[in-house]
Amino acid sequence: MALILLFTDFGTRDPYVGQVKARIAELAPTQLVVDLLHEVPDFNPHAGAHLLAALADGFQPGSVFLAVVDPGVGTPRNAVVLLAGGSWFVGPDNGLLSVVAARHADSKRWRITWQPEALSATFHGRDLFALIAAEIARGEFPTNKLSPITQFDVEFDAGDLPRVIYIDHYGNAWTGVRRLPVNTPVIAAGKPFKHSESFGFVGKGEGFWFNNSVGLVELAVNRGSAAADFGLRVGDAVTVQRLN
Amino acid sequence: MALILLFTDFGTRDPYVGQVKARIAELAPTQLVVDLLHEVPDFNPHAGAHLLAALADGFQPGSVFLAVVDPGVGTPRNAVVLLAGGSWFVGPDNGLLSVVAARHADSKRWRITWQPEALSATFHGRDLFALIAAEIARGEFPTNKLSPITQFDVEFDAGDLPRVIYIDHYGNAWTGVRRLPVNTPVIAAGKPFKHSESFGFVGKGEGFWFNNSVGLVELAVNRGSAAADFGLRVGDAVTVQRLN
Amino acid sequence: MALILLFTDFGTRDPYVGQVKARIAELAPTQLVVDLLHEVPDFNPHAGAHLLAALADGFQPGSVFLAVVDPGVGTPRNAVVLLAGGSWFVGPDNGLLSVVAARHADSKRWRITWQPEALSATFHGRDLFALIAAEIARGEFPTNKLSPITQFDVEFDAGDLPRVIYIDHYGNAWTGVRRLPVNTPVIAAGKPFKHSESFGFVGKGEGFWFNNSVGLVELAVNRGSAAADFGLRVGDAVTVQRLN
């Protein structure tokens, strides 16, 4: 049994997720579908690519990630498949899969050359990506629908992204910077953040940074909102003073 | 294996969806349950009826839709079952199922005459509709709990609803108008909208309309929010100048 | 097949729920996982404990509740398991499970003494609770990872909590007061609320209280928001004049 993990900028309340799941349920009813993350920052494949790379680690081999942050849907941008680190990724060729790809030496890339008969101009998640993901999850790799390529059209590099890339509902701000030594000074919103292992080790309302549970530097406030208290937003720069 | 599709005005974050799913899991553990749409506009069976009719197309025969937009729960309004186009629908008799019914020549209607022992006054989704939906999904049509009828108490007609009926989290505004020729002028919020096949074919921040992925006319802004930019809200009138 | 019910203060849109589900899917792929409630009031194990006690009633024996409202994650607070009324509960020892425990004469408590190799400081829901819950759901009670105890470190009592403990997306306000006779005067926000069986029996925009579908006193407005109209917030006191 394979795990199909959904990673999209659809709203959790929008009808798009349900339609994707219904399609997968019809095509691969015995596979397990999990909503890994929706409401990835809208129209922002760069932040999404770094989020996906952090979240995609540590799943069982053969897991299939259906990734949709796709402001160019319906235009001539391509659709692609990636095999990296034992997991599969299906999504648009706009950079979204490229950070995962760049961080794995064993990455293999394909372009989706097939088009289904019923392909809407605005919902390839349901009409194209779900079909390919279901086939892969069922163990039927659709070679006749794919063409191997060596590069994506859009490639971001493997390095960190020193910006806020996600804010959760508590107001904790995830950055695209990977795990740092605990004595590293981190500056965001013009303010220095000190390190703490977890929330309960600083005072109520106090800000800090920590290496989070998916290996990223995260800015937080104990029992409060880092986003509200420091005015942090997705895209804000984060400065890290790496010590030698 | 049947698909049970949830369509409600419960909040995605409310505890109601989970209780419905837990009840179905106990009664029909091998069926697949998918959240098709929650947060259908509150207290608005008319908008909901048009949304359901658009979203319910194209599922495998035998799919069961559990539909709850039910401001009259606990009052003497009736509960009903519909078979239309090969799919089943279970919900309140307040018009919610009536647009689907009116659009299918093969529609069959039943009133739910049975009451479970434990029936709360405010949560028929969990206490009544989930039980009937689970039985139908298991292939055990509960004739002893139903009585055939020829009309619902509340019937909306099969025609389009020229209003905004839904706004997604991007701010795209769905209308209750079905697919139009691309040269049709569409006016909303006092402004003319031009047609585009998809987002990436108009400038950033520019508004347009398109025939969306469930066959409805939708108002959108490329990389922006049509709802915010044009002040659109559910219920707003939309004018379509049909050309001959 | 056991039911695993998630009850957390994670956001419905946050990536935490998905990671917990993916972990459970890998460890217990044939069990059914249901999102019972997320966005339990943040950092508030007291309100959460009363919500959990109300919501946990009536599930099939052997159900497993994974409960996370855990502002002290990573600090030396303990992690515990509870068996009460035929259901299992796994979560932090901060009072969250203690109202359920206090209300069942057959309650058995364990401390989790085991630590997984990979234990983040901030996400025990994924790294610890999900593992224990999956083992219990599979029917493999992990005695070697647990130590029986007679009391939790933090115990709330079995009585009602006369405060607003939850507000749903309609603006209905749940209290921690259990079912009352219908002639009981209820006061909140300085205003008296009268009883009604359901929404449709009072005028549009009118406030009332009712015994809700999980046995709690709930404040509501017909086709409106009690929270907005009366300024109700989680934590607000509710006064009940019990008649003799």
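Order as written gives the chain letters A, B and C; numbering starts at 1 within each chain.
We take it that a residue touches a chain if its C-beta (ideal position, glycine included) is under 8 Å from a C-beta of that chain, and two chains touch if they have at least 3 such contacts.
As the structure is a prediction and not an experimental result, all values here were calculated from the model.
At the interface between chain A and chain C, under half of the residue numbers involved are used by both copies, so each side presents largely different positions. Put simply, chain A has to spin 120° for its C-alpha atoms to lie on chain B, with the angle rounded to a multiple of 5. Inter-chain centre distance (chain A to chain C, centres taken as mean C-alpha positions): 30 Å. Under the contact definition stated at the top, the residues of chain C that touch 2 or more other chains are 12, 39. Residue ranges of chain A in contact with chain B, taken from their complex: 10-19, 21-22, 25-26, 29, 39, 42-43, 71-75, 77, 120-123, 126-127.
Interface residues of chain A facing chain C in the complex, by the touch rule stated above, are 1, 3, 5, 11-12, 32, 34-39, 51, 55, 59-60, 166, 168-170, 197-201, 210, 212-214, 222-223.
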